[in-house]
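Quick one: structure below, then a few questions.
Letters A, B, C and D mark the chains as written, and numbering starts fresh at 1 in each.
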């Protein structure tokens, strides 16, 4: 019996997020990892030799013998998942889109483009309306859909039902981010064992802008940012996976902590209604224990696809505060791109 | 040659902060650790047997053979440093004060008392004016001076020059606190290796109130809290020593980040002017590197007695934000009490 | 449809290993966690209140509302899994056996008893022959079967095929053990963050004797230890789960590293032949990468039920050396007891 | 008053060990860090810009404004300390020696050379006798003296008095090595948080050969290795500084654990007798606590210049076993080179 699943390419397949893409696609009911693309150093070699598998004990059998493709190789896959480093992503992803492929990218390069949806499947699925404009403007038969920075995804998921129900005036965030967010080799152990690094390059800029695009509107052929302000401080801590975010929020309408908890708990969106394969049953899980969420205990919630919120309580300054946590390389990266692809497929928007 | 230094008692001598007291007193020019007091389990045994020394490699020679005193034993020392657990501290510290001793306590029990100074030597030395009232009201010949919670001390030190120069309207804080703050055995390793715990019991309450007393005024026989509001979230991270705090602040007067940096850098107070033995030359050290302060690199600044501030920059919501870090068991606990004692001695307020 | 599975009691249900028992039994095809037993502090309360669930995010639904039983309560379960602390285990486990139950214990109390099998299902299943003697001597209708210390289990599994094929003359081991091995709260974080503790109480004694009983024979109504010597050094490192052991071995017959690897790889025993539910397909997994096994990557191999061996190479002093790693609370504790129970059931040796 | 200290160059000044050299030389009574040499990327820039200071909070004032020299620049310093990466060290160090300088190197390149002393000041100071041969053979006016690998230094220090008193037959070692041993960026945090890596490239080869050269003899114009065998397994653990080594030893003569402890405790050598500035008062410190040495508590013993030994006890297989620990970048690297230089100076063997 042949594999009927849609063949997909993974760009940047040897890295942390690339491996996560492969791991998640390997057992995916709709997609399969068919072409693995990496830099010149790896191209031409079997994947088992080109990559050191790090996301779990064993590289999946199905990709061990795939020959790694180079960035310039012609691909066959109609769907492309990208985990390319920022500096090389732009041109390659654009070429893939020009060639008619759907490019679901985790890279920051096109996130702010005025015709590229920056999408969380539960938050702003209507932004796919930008795709035809993107294709028309750029004369592409394919397209690019980006997902946001890992911290921005979990923050935005948590904000979405509050934005919808109460309106958001302003948001203050301090993050405690996991080391896997920096890729591999990423953070040197000398920098983080018995330490905190209170700065992550470009992270605060992303976290202060991306939620506004995602919670904004596509209207009259353009994205209109949501109308609130963010202030963020991003730090790195000695945690393997799972970003923790301390959030204070001022809402436009009165809302008690229990109103906030209710809105989050009840939140359901297209991926849940469509029962997409990667969709978490509960996109936001609210915990009531006083000391949760914790990365160790909660990052795998809903197979790493949920944002877990706890400590919802009054903020003397802004009204409400809470802590949100989520898996940064699953829902915060590879899983988010795959869920976006599922949503596109359910809408018949994927090339084949 | 006899030791002319003032004999001091250390209450709770076998614990984390108790050992820090001993370590700091051991080479102190004015004080010496003469009487070590601990619970029944340790009393009567030589200190070398009663305590497992953990602050560095070797228990100081001078205390190895001291017999540990029990809580009910009669002491000779006119000065008492207390690191007692909260539940046992009250009665014991009160008895010591009644007996005419100066009790410098690190415990939370009396911090909020309306006649007990909650003091940081650089911040509110004028609060010693409450001592005669305390003595009169309680009919004590000695007295109690408390120091604040470890996170509150470093936050308040950083706020003091801003409060003085620009006025404070409101402060938002998320802390990343070290495991030593929980004492020994304290935080189980199973709770913190590869993890963050986003909650510390009673910590937020302390951090939202103690700074207001310290930055407030003693006037007409009573403490008057400073008139601003705080909102805090306290988390625990896998760092041995050094609390990191992400701070956002709204000032009453306009102040740029460089104004803030200048005010902090220039800050000097009584301990510096009097050149007290434990006084840091610079109580607040401002660092300009984009990724500082870090616990590992900065916690020992000024022998652990400084608050180190970095990342001073505009906050889109509140005006200014920065990160402050400090050693939680030196300036945040034992060192703070000792500096308070030095200030009292310099003012001839210690019994002898 | 009623649950046809055999109801089991878990002694010490609130602890680390107790929770692991519950987690593994919860989806077990033959057994179910029916009675949860803990100390007086927990007895009488619903399990969801008595225990803080720590092995993953959510306490299983099926045990949340069970009322915790006390040590003296009368139980209904014919099968008892014990994770009691050593000091309390003896009498309770004996009473359970006297009452006709099968007690599968993880506790050290009875391990060295001359009529109690110390069993690894793949290593010495024939030691069940001691059970009738145990019952006759002690006038019990039930019985106790113990499993070994976590480090001893993985070492012994790795040694078994070598003992069988080549004979063992002597074994030298240095362990690097995970913090979960000490239970909860267990190792204080102050003792292990940025540290190694080169000593674990009683661990070396166990590791130098238990393998000899398990690799020895039951003959003429008595256990006869295997005839080789062990020397061990046990250390604790900042790893959550997974004990790593550096092993040097002198065999009685010549064997090259590849002979050793072959013997280990080919090793199959009763649990594999009987396809017991918890049996790893491969009890020993040999890895060829130069830097494996690693706790993080390899501890979950075969659902935590395998011993993973790597770095098999010549030892200039003893002949062969290698590194073995295994999950200490699954195959090293709860999983080992459950596999023992499965083997007994397959032989119709469980009461019902 | 001018600085009368001997100007020294530090090769590889921006790295981990290079910075340690600078830190130790900065307050040295005889030497001063005068010329800082690094790769092209840093050359020509002020040191404060070329290097990110990581060994403590503040780069020493005296080196901040030094212009970093390139590898090809002509130096003035008669004494050169080298922390160059292995691949670049050879040619550069040789040129330095040819130019008449004393090169004290921490790099592995020349360690096995038949005319280069591999020296620990307390262990084999007589190996300086090779210097004239080295100079004659190579036609150099200067010379190279190497120090050993960090693990080898502490092992050899611990073995020296046993070799002298009892003779060594064979040694078995498993190490638990700190991350700083791999330099910076070195070990990725993703590889070591919640993990052990049971392999360090080339480390076992060094640890199995270097002690033999150091404990061997210089005789008839050649080094003769000590006549015993070593077997080693080297692992990396999540410790910042301080290598722990589990050692089993067979001695040629009978020696009880207390004989071993006595020999170690009594050990004194040339650096102690000459009271060299960096010499530890006690080169080997024996601790009696059952759970020592620990990296966190013991690595700074004697300012990081001692080897700390504990758990001396009988080994059922080899006679004696113990644990030795030492600071890997002080006594295990920079401090060892500096002590070697001091010994040479005390013997008038340094150029000036």
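Just so it is clear, a residue touches a chain if its C-beta (ideal position, glycine included) is under 8 Å from a C-beta of that chain, and two chains touch if they have at least 3 such contacts.
Since we're looking at a predicted model, the values are computed, not measured.
Peer 1: Could you work out which pair in A-D, B-D or A-C copies the interface of B-C, where over half of the contact pairs coincide by residue number?
Peer 2: Residue-number overlap above half with B-C among A-D, B-D or A-C: A-D.
Peer 1: Compare the CA centroid of subunit C with every other chain's and tell me the farthest one.
Peer 2: Most remote chain from subunit C, centroid-wise, comes out as B.
Peer 1: Any idea how many Å lie between the Cα centroids of subunit A and subunit C?
Peer 2: 40
Peer 1: Subunit A to subunit B: how many Å between their CA centres?
Peer 2: Taking the average C-alpha coordinate of subunit A and of subunit B, the gap between them is 43 Å.
Peer 1: Enumerate the residues of subunit D that touch no fewer than two other chains.
Peer 2: Answer for subunit D, listing residues that touch two or more other chains: 54, 193-194, 238-240, 297.
Peer 1: What residues of subunit B sit close enough to touch subunit C in their complex?
Peer 2: Touching subunit C: residues 16, 54, 179-180, 184-194, 238-240 of subunit B.
Peer 1: Where on subunit B is subunit D touching in the complex?
Peer 2: Of all residues in subunit B, those touching subunit D are 54, 56-57, 193-194, 297-298, 300-301.
Peer 1: Considering the complex alone, what residue numbers of subunit D touch subunit C?
Peer 2: Residue positions touching the partner: 170, 172, 174, 176, 194-199, 208, 229-231, 233, 235, 237-240, 244, 246, 248, 290-297, 310-311, 315-318, 321, 323, 325.
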